[in-house]
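Got a structure for you, written out below as structure tokens; questions coming shortly.
Chain nomenclature is as follows: A, B, C and D, assigned in order of appearance, with residue numbering initiated at 1 for each chain independently.
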Amino acid sequence: MQHLLNWILWTPALGIIGTLLIPGKAHNTIRIWSLLVTAITFAMTILLYCQFDQAAPGMQEYFNIKFPWIEQFHIYYSLGVDGISLPMVLLTGLLFFLCILSSWTIEKSVKSYFALFLMLEASVFGVFLALDFFLFYVFWEVMLIPMFFLIGIWGGENREYAAVKFFLYTFAGSVLMLVGLIALYFQSGANSESFNILALQGGKFGDEVVTLFGTDWNFGILVFIGMFIAFAIKVPIFPFHTWLPHAHVQAPTAVSVILAGVLLKMGTYGFLRIAFPILPEAAVYFRDWIAWLGLINVIYGALCAMAQSDMKKLIAYSSVSHMGFVMLGLAAMTTQGTNGAVLQMFNHGTSTSMMFLMVGVLYERSHHRWIVRPDGTKGFGGLYTKLPIYSIVFIISMFASMGLPGLSGFISEALIFLGIYKEFTTITVLALIGLLVGAAYLLWMFKRMFFGEVIPSVAGYHDMNAREILYMAPLCITVILLGVYPAPILNIMKESVGSLVQLLAKFQ
Amino acid sequence: MNMFLMIIFTLSAFLAVGGALSVAFAKNLIHACVYLLFSLIGVAGLYLTLGAEFVAATQLVVYVGGVVVLLLFAIMLTGGSNLHHVTSRFGLESTPLMGNLRTYIMGIVTALLLIAVLCNVLQGSISASAVVESKFSSTVEQIGVKLVTDHILAFEISSVLLLGALVGAAIIARPYRSSETEN
Amino acid sequence: MGIIPYIVVSSILFICGIIVMIARKNIIAILLGIELVLNAAALNFVAFTKFNNMNIDGHVFALFIILVAAAEAAVGLAIVIRFFQVRESIHIDSATQLQS
Amino acid sequence: MEYSISTILPIMLLPFFAFVLNAFIVKKFTKTAVAISCVAIFIPFIMAMRIFIDFVFNKYSSDYYIHKTFTWFDLSAGAQIFKVQMGIYLDNMSAVMLLMVTGVAFLIHLFSTYYMHDDPRYGRFFVYLSLFTSAMLGLVLSDNLFSVFIFWELMGFCSYSLIGFYYEKEGAGNASLKAFMTTRVGDVFFLLGIVALWTTIGSVSYVEIYKAIAESSLSSPVILFGLGIPLATFAGFCIFMGTIGKSAQFPLQVWLPDAMFGPTPCSALIHAATMVAAGVYLSLRMYPLMDAGGLLEFIAYIGGITALGAATIALVQTDIKAVLAYSTISQLGYMVLGIGVGAYSASLMHLITHAVFKACLFLSAGSVIHALHDHHTHAPVQEMPRMGGLRKKLPYTFIAMLFCTLAISGIPLFSAFVSKDRILGDALVMAAHSPIYIVPAILGFCGAFLTPFYMFRMIFLTFYGEPRDQELYKHAHDEHFSYNRNLPLLILAVFTLGFWYSGSLTGQGIVKVFPESKYEWFQVLVEKPVLNKFLGRTATPLEVSESKEFIEHSHYDPNHGIASEEEAHHVHLIHRFGAAASFLIALCGILLAYSMYITRKFSPEWWTTTFAQWTKALKNRYYFDHLYIDILIQKLLHPFNNLLAWIDMGFYDRYAVDGWERVLALSYSVARWFDNIVIDSVLVDGSGISVRFFNIVLRTIQNGKIQFYFLVLLFVLASYVLAFKPVI
């Protein structure tokens, strides 16, 4: 059990080897194998949840793993889990399992697809579990490789452009993070603790000064800016958001789900795990900026979403909007706000995944995603009549996404508002516009696609099959359960979040 | 000084030196090859005078019985010295196969230079060398022991080398497969 | 009788070999020269063994030289034959290209 | 009776469980599902009845309340304490509301088994109804604004789904979208208000809010855009915005008429009796906050404008359900006006009476619509100009509808005379006190004139005269008494009588039929929250049995709140005048309708031609839809969105992000030039040239002849040996 984190991290990696050993023609064997691997991984994350000590605020000592890796530079292979990373680990395990199911219809080089998918899973787990900054960075970069190929090979018409854009954009950010981590390494004395994320925490760089271009700069602020850009690109925060619509539109369904459901969370997770605890003074110094950027994200994303006629693009912009709420919650630096942000990370992961999966289900029937085609005709119409089960699942995912009470999104958004109101009243008031528009674009899309007469092109569609229901059902249940009773997730995170908030409160 | 040895030395030395000189200056390649045979036999005799009977025997078996025959075969397969290409592929006049005056002058000049060098080098060592008399005894056993103890590695490597040479020679000398199919 | 006669003989063999190697244009003839040079070297080994120390190692070296000479002759002649097949000549100056 | 979790919560949970169960079985076992739904609302009705009797007539005093809480989730970590508490709050007002909601909902369930029976989505309708009922009951039982908001939104969702119930129609989609989005505007404000209160007080339970108001700790200003607004004003305004959205008040009234796209029973339940009234209920609960925030005048104006404006629009409607929809808006306006003028109990009473008679009206309209089918299209007919003379075909429906119309018109002996006229009377009192209330009072009285007019216009057009569409009339089914069609109508019609609510004919206790105060139960029991009693009170957790607190029945005191005898007399005078005036006005309205549509002394056409502009404005609903949809959304929001999206993708992404590619390309070309000219031509090729020069020298040596190399080698070796004489 003590090596559970190792197992979670390396089971998908072992699965890749298994995938590569299966002959490429045996499509179903590969699929079942990948499903098995992800299912085992998911089961282990559940096990981790069960064994988790909810009362402990920091890293769970019991699960910590630490071996020297590159001793000359004091780099360790060190893994750990706390209340902030556990929800993300759970989310990752769940979504990858479901995405394998939804990728059943992939026919183009099946073997490499699933191998890359498992590689993606391993690297994402690595990011969420790493306690060594260098290890974190390595996994962060490794994650780009499978993503690049998954978008670039299995994507839509314009896939190369999107893949290259995604890669370069994220990579540009990573370079800044690399600079930051090296700077921290040397500033903290290049000793055995210099890559240890936990040891770096606690505001040790507040008064350090560096000279750059002949001027004195505050070290913490400078490094924070670099890291902020790195993580902001991933979140994505306006004005670094434009890779997201491209990547989402071009990526295949399952990759969109992972991209929106898990990868965006890596950005905010980076703030929670690295940027805020290591450089609290700078975080407090920039919190106004972060809040305003989050607000822009919320409103701008929602307004842009309203103008889209491509379903995936619409949902991509809605992701921008929802991640803006997370940033607002982070900027609040209060118990409610930060808890709400972490919960929103989880909830957005489930709800937006549902939306993307639903689009994927429809896309398999229609082979287009136009709400309104470019020539002005309807892309869909009367789906409610034609696909009743699909419509109901769509309604659940749509309302979960817009934050209807009783479904998961509401609690996190309400907590964020509660957290941020005292700190930024004006921003709270303005952010509510985002909540309003957020309902508008989704319902408007729903109205245009599902109501009215059945248009001829829709007439041949069949309703969701058993496999599709199978992978939507867990998400629906999660969304409803967490909407009615969010304590299972909140209980595991509150102690860790509380200690983070206390740390930040010291510097306000 | 053993008279018998002296005679054998003198004969062998003449044979070796004469053969070598004949090789150097013979007009016909077949003849040169036969002269080489004599020279090698001479060297074998010299080995005998030095008490290295095993080396001498090997010399005879390998060189005289093997290498020279091989050379003769090669000469015959390639037409010996009968081929007289006076022009090269580029239309330039080329030296005859067995050399002409110019090449010999160059050779002799070089030889003179080398004689000078050898004299220069050997001066010290010859004067310093002491004459040691030794009994004439069989070396076969010692060599055998040496080969399988101290020099076992070289021995094994040489066996591999021979095998490689054998296979390599066979492969290299084999005609082209494509030319086979053409034919 | 000392070492000097042997050295003189081996030197003559050596110089003859060198002359052959330089003066001849026939590849096989050059191989003959090489054999001469090798013999000269082997002779020296044996001679020095006899007169300078009583170690049997010199004999072993001579044996290896013979061995290597044999191998070299086999491979060298195979190359010559192949060369002849390709170029229809065994003139040393026509060996200007590695590629056939 | 002991009140504990097991006796209170099932009221809300039974319909909810019915919803969950039905959602899965409704496809296969439609009849079972319908039966479960009906039973699951009937049992709560019995329980609510029991609570009502206990609270109102038995032992508890007027200001007794039950408040129990449990922790929903807890975010406390270390020193930071944050708990989200949910709970139950029961007082007289909740008890009355519970009874009304369960009763009306049960009757509407019953009616729906008739009305929706032939609908292909018969079962699904009941699924939504169960969820809705559960949410509404949850809202009534809630002890805090947060859970109110949750149920509030859930009701919005049900409303959305039921308006879009006939999803084949394009209009249903538009209407449901409009309804949800318009109410959402109010909801967003409501959420803001909740957040503002919560972060200041630390809780949003009613008790805590009342306590905070009593301690007057809500005066701290909210800094917004640099302006400081008192918190009570700010929060009160935001919460009242929620009411405006949900109760379709001006200026967010546009969604309710369109909501009639839903099936008629759902219009009766959601868009007449309960959900729209929830907004008023919320405002009543938050009355002390609005009072503290000084918002009452504003509320009164909103209510007055809505009451009159909606009534005028109702004048020109031809669709029977549209008339009822506007009348609903108008009546809701009266309730809000009641809050604005401080007529607390009257406002709630009007809510209850309106729920009863409006539900009955809608069900009757449903009965009418169901009887009429277009012969060609087989679509139900809702247009009044095609009806007429239905009195004989539909006698029971006619009786029920007539009772309700009399009630809504404010005729003595019927319920609205008690409730609405008490509101109007209080408005007059306020107007006499401060001139700012004069306008709302006038608006209210004008509405009171128009209400009987358009209601009787509807009755006359539908049931009287000759049938205007003979074919339709011929094919109309005769009404036979059936338990699920007529019984609900008649039961509701019985409860439109005034004596159920008041012992006196008018609300002001002027003409006392039953002089005993007990029969004025409404006014006795429902009164403004007395804030001082909440000082120092904390909620009892659900698990612990509550400590009962009996306070002596505070007997009805008509003068309460009024200081002097003289002033009381003055108020009585005004009340008396108001009651008389409104009765007269109502009579005038009825007479006008009678003369226009029965005797035809005045031609309606004369009015429409003379006031053509006004008619056009009324038919276009004062151009509000035009303003919102065509101008605000189509002309402003969409172009702005498209512009923004274009800037994002077409400009920002294309130039600012992909523009880096150009910048890089430029630097590449500079670098390439430098590379070509300087590095390559000069340095690289230059060194090449120098190499070529040496090449000429060297290639004479490098002639490829192996013997030459050998010679050179030997010469070099020899010269080395000769020159340096290496030691051997």
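By our rule, a contact is a pair of C-beta atoms (placed from the backbone, for glycine too) under 8 Å apart; a residue touches a chain by one contact, two chains touch by 3 or more.
As the structure is a computational prediction, the values presented were derived from the model and not from experiment.
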Greatest Cα-centre separation from chain D belongs to chain B
By C-alpha centres, the chain nearest the middle of everything shown is A
Rounded to the nearest Å, the gap between Cα centres of chain A and chain D is 34
Whole-Å distance, C-alpha centre of chain C to that of chain D, is 110
Distance between the CA centroids of chain A and chain C (whole Å) is 77
Between the Cα centroids of chain B and chain C the separation in whole angstrom comes to 5
Contacts with two or more other chains occur in chain B at residues 106, 110, 114
Flagged in chain D as touching 2+ other chains are 711, 714
Chain C touches at least 2 other chains through residues 18, 22, 25, 93
Pairwise touch list, complete, is A-D, B-C, B-D, C-D
In their shared complex, chain B is touched by residues of chain D numbered 711, 714-715, 717-718, 721-722, 725, 728
In their shared complex, chain D is touched by residues of chain C numbered 18, 21-22, 25, 30, 92-93, 95-96
Chain A residues touching chain D in their complex are 57, 165, 169, 239, 242-243, 245-246, 300, 303-304, 306-308, 335-336, 339, 382, 384-385, 395, 399, 404-406, 410, 414-415, 417-418, 421-422, 425-426, 428-429, 432-433, 435-436, 439-440, 443-444, 446-448, 450-453, 485-487, 490-491, 494-495, 497-499, 501-502
Touching chain C in the complex, chain D uses residues 704-707, 710-711, 714
Listed in rising order, the residues of chain C that touch chain B in the complex are 1-7, 9, 11-20, 22-26, 28-29, 31-33, 35-36, 39, 42-43, 46-47, 49-52, 54, 56-57, 59-60, 62-64, 66-75, 77-82, 84-85, 89-91, 93-94
